[in-house]
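Note that subunit A is present in both complexes that follow, paired respectively with subunit B and with subunit C.
Up next is the complex of A and B:
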């Protein structure tokens, strides 16, 4: 349209000024700061690769990295797995699917901080929900958050929190499959479990792929639940990259090193998303 | 695996001979689904009921209905930790973020969807790429900028970065929606003498309202629930949003069960009510926010 030029500038400028200054510039600046050592807030000295060398020798960073990767494994398998089973089940029923949709999804809308506090109450040694149930059933109390268990104990609320999200994506995908496919399969005599593996799953494979990539990259953003439930403890046993980055940059005011950890999170996210995409890249079935 | 076979036989309900078998499958499916929905309902119901008991009663009769309901925990929440103030802070911050994102993002989305210009493809690519930027990757420089501008512990310290962080998502979703609006409408409004700005407010904005609602709800949730940036930028009591308060309660009042349950209930219930009223939009919002970084 004629005379659009001025409107293009007018409409786009505010958005790109704000994102430019407060999103893209900090992103680049963060990479630069990872080459600096900061004392307090304002004194920075260029230290080259020192922060990265420090990262390689940092045992806690290694623990945090492996914990993040381990969480990623559980979270991906269980979130997407449970969501898939639930989605197929809800698709198969006629009554109550609205109710299940509502209840399965709602943990998503609750803040991680509230869920964290909720699970703190559930895990508490004295008067926690779990221990009270045990006592009522005549068992001894159990210390739920130990060095061995803490990572699982944060994995559970993380999985619980997001199952509903993948459930809705997958259910929507399943319901989009045209009915003809099932009728054709019925004529061919393909039923039951065969139908699930040969028809339903291949037809939603691209949505499953999306879910897996999202679950993997999402795990790197875990912060709230770990911060509230365990603070990374006991003894760093449940430290993840997000909480460690926060601890370094803002707890110990080592901002340069915090920036380095943030770079690690970004690189890890991009690499994993790329690898998963490649691995899952089979020819897709379309309809 | 066996059970899945049964479930699918029901799903298909194909042969009369399988009738009894499919009924078992049906029962099994409902049992599983009900169990999972219990995992989401039960913990919250437990918290909610206990929030009306004295801390001592929470300890002794944790599974009983409150025999002598008390509002004391809620009164404490207002008096000792000033939860009302945090509510207000959350509302001011997240409300402003939503308005700014919808206004600025809506205009940009309109330009991206309906106008032709050279850099469009590049800008689109930049927007998509920026969905991959997590808050961790910008927080250190943003914090320094906020210190330099003397904005730390003011509402703006969180409003600005949240707006910036959500704009790419908003522009992509809204422009995706606007791109599907038929060109005839655009032409008709030109005939009626609309300029670009009027065309936006009179034609495209009203038609695209569903996408604005979707984006608005998601952005609100994301901002309301974000603990990480809040801890860094607005941790002071007088501006701290409710998630920061929850985090402080967990570390400072970890033994006051009554207060904790009341605080959780108060954080969750408004969102929950809102969710029950507009769950379709919530589900659409969160899943279209799938790609959000």
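Up next is the complex of A and C:
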């Protein structure tokens, strides 16, 4: 066993080097950068915790934080929820499951930028798909992206984009459940709904947990859909941490403050992943 | 077992050595291409140059610029040029240039904003003072060259062409609806009022990306004297200008989704004749010509109502120029090629060729046989009592972003113009 250690180091070294160079080194640099006030890319002044104090008093950052959390709630509930329902439904049909599997998975292969553009054109007030349909049916145009609705409108394509991903994970998990379980339950006279809640879901709970953690941490990375569909507007109403960080770091060349926002995103992601793992801790099901 | 282990390790070691050796070979081969110090070279050395400009994407100058580079490469077969241009539309060119310069990967020549955006690059000595650079030809430029002079007295950028911003008006739609072309503030408000009653959007604008709207409304409210002040002056005309945007929005000036559309979608509204007016720059003519609208459109100066101001005052100038990076200029292998390319790009022939594609006033010579609508734009500049650069070219980027992205909040009544400006000033500090 001892001799195998050399293999462990040997095979782990490239991964360590790569993550070290491309993940940990930039992250440490990012933390250092968050203590500087940058004017463009060339003038940096050490300001201590000023950027963090600014963050605490920044109303837009607060809006972006709450929007990110709100979006996380919708995304987690609906992405994983819809994926679960679809997976159970597809698993229970005997014909055409291949078609549904492909259809539901399809949005995953479309890039976020393309989906963003698609929904921009769907929501557009003057020439958008929805309003054109309404006008043709004799109704008035509706302003789909308002300060009140913009976050929901962004949540819709975000959910649609990734439902297929969780659907495939959950469908695979469901199909791994041995048929004996269902047969035994059938003999006991189990109904469809009972089968779902008392058998299927408890048996795939570890996969569900993975999906929920992925959905929660994935939401913090949402950027392109918001950036393309609403640009964080109107009036910052759909601003999320990703778009605000991009605006500060690259739009306004305030790299130091952008780095501070990035630190917040990382801390938030780690905390949420940790909390979710703790809350969902349950004995693994084996069969 | 142990033997296999060591064979595997040895195999990996050879693989790594092999890879390193290959890498070195490449370095060796490239070093063969570089001239030796003893000056015994007889053959012309191969030189690779990289050029970054904003002539890409929807910019009609992009194609012409590539032709210019191709011509230069044909005349100088030993020089190959990588055209690394990127559209200026989304502002990402700024990030690209800043990243390139701060990571020691600067382009050899670039066409970039000689404004607050280039401050850091200039202060770091990353670009050369063109007046002192040997071989650089700065003769034949018109007054636009002098506009490039930095506060330290040096010239770091040579202009290509000037630009102007103004109110682009679809004359056809005005005629069809019997509305007077707005040359005064009252006519402008009347036009908004009248078009708002129709299915035509009075002004195509993105209030989130409200660069041109903000500038022109401040100009209208304060005239050039107020417009050219800094944020720190907290001139009340600036707040008044911002409040006027709200006033006009309440009159129905913009499309209801102006808070979420971007500039490109706003331009589409105008190009599809669904909007009667748009605030744009002279580069917009290229797009209008592409859709065959040039003849139907005319450009007007923003009607100024401020005391002491005068309609005709313009936002414009020559804010972009050709820079030569110090690193390339000091590289003996590249210096001649860089100087030759710079002189080629800033020759009257090239400047006129590129300006011909965009219809913008050239920095050398004059465009002839211009269509009437383009000529009207050039006349606007020559007749202007005063011309000043856009606000975002001279104030802190964060402060300006705050100003323009707060316009939807001003329109909705959540913020006042004064509040927005106070916050912007704090950001600038």
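Here is the rule we use: the second predicted complex is superposed on the first by the 264 of 287 C-alpha atoms of A that agree within 3 Å, B and C clash if a C-alpha of one lies under 4 Å from a C-alpha of the other, contacts with A are read in each partner's own complex, and residues count from 1 in each chain.
Throughout what follows, a residue touches a chain if its C-beta (ideal position, glycine included) is under 8 Å from a C-beta of that chain, and two chains touch if they have at least 3 such contacts.
Predicted model only: the values in this text are computed from it and were never measured.
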Superposed partners subunit B and subunit C on subunit A - clash or fit: clash
Partner chain(s) touched by A:109 [first = subunit B, second = subunit C, both, neither]: first
Touched partner set for A:236, first subunit B, second subunit C, both or neither: second
First (subunit B), second (subunit C), both or neither touched by A:125: second
First (subunit B), second (subunit C), both or neither touched by A:99: first
Contacts of A:250 with subunit B and subunit C, given as first, second, both or neither: both
First (subunit B), second (subunit C), both or neither touched by A:62: neither
Which of subunit B and subunit C A:147 touches, first, second, both or neither: second
Touched subunit A residues, subunit B compared with subunit C: B
Touched partner set for A:90, first subunit B, second subunit C, both or neither: first
Subunit A residues contacted in one complex by subunit B, in the other by subunit C: 3, 7, 10, 41, 120, 126-127, 250
Parts of subunit C lying in touch with subunit A, wherever the complex brings them together: 1-2, 5, 9, 12, 91-92, 94-95, 98-99, 101-102, 117, 119-121, 123-124, 201, 207-209, 255-257, 259-262, 265, 269, 272, 274, 397-398, 401, 405-406, 408-409, 412, 414
Interfacial residue positions of subunit A with respect to subunit C in the complex: 3, 6-7, 10, 39-43, 120, 123-127, 141, 143-145, 147, 150, 229-236, 247-248, 250-254
Complex interface listing, subunit B residues touching subunit A: 1, 4-5, 7-12, 14, 26, 29-30, 32-33, 36-37, 39-41, 43-44, 46-47, 58-59, 62-63, 104-105, 107-108, 110-112, 115-117, 123, 126, 130, 132-145, 147, 160-161, 163-165, 167-168, 171, 190, 196-197, 200, 221, 224-225, 227-228, 231-232, 242-243, 246-247, 249-250, 254, 257, 260-261, 263-264, 267-268, 271-272, 275-276, 279, 282-283, 286-287, 290-291, 293
Contact set on subunit A toward subunit B in their complex: 1, 3-5, 7-8, 10-12, 14-16, 18-19, 21-27, 29-30, 33, 41, 82, 85-86, 88-93, 96, 99-114, 116-118, 120-122, 126-127, 129, 132, 136, 160, 163-165, 168-169, 172, 182, 186, 191-193, 195-196, 210, 214, 217, 220-221, 223-224, 227-228, 241-242, 245-246, 249-250, 255, 258-259, 261-263, 265-266, 269-270, 273
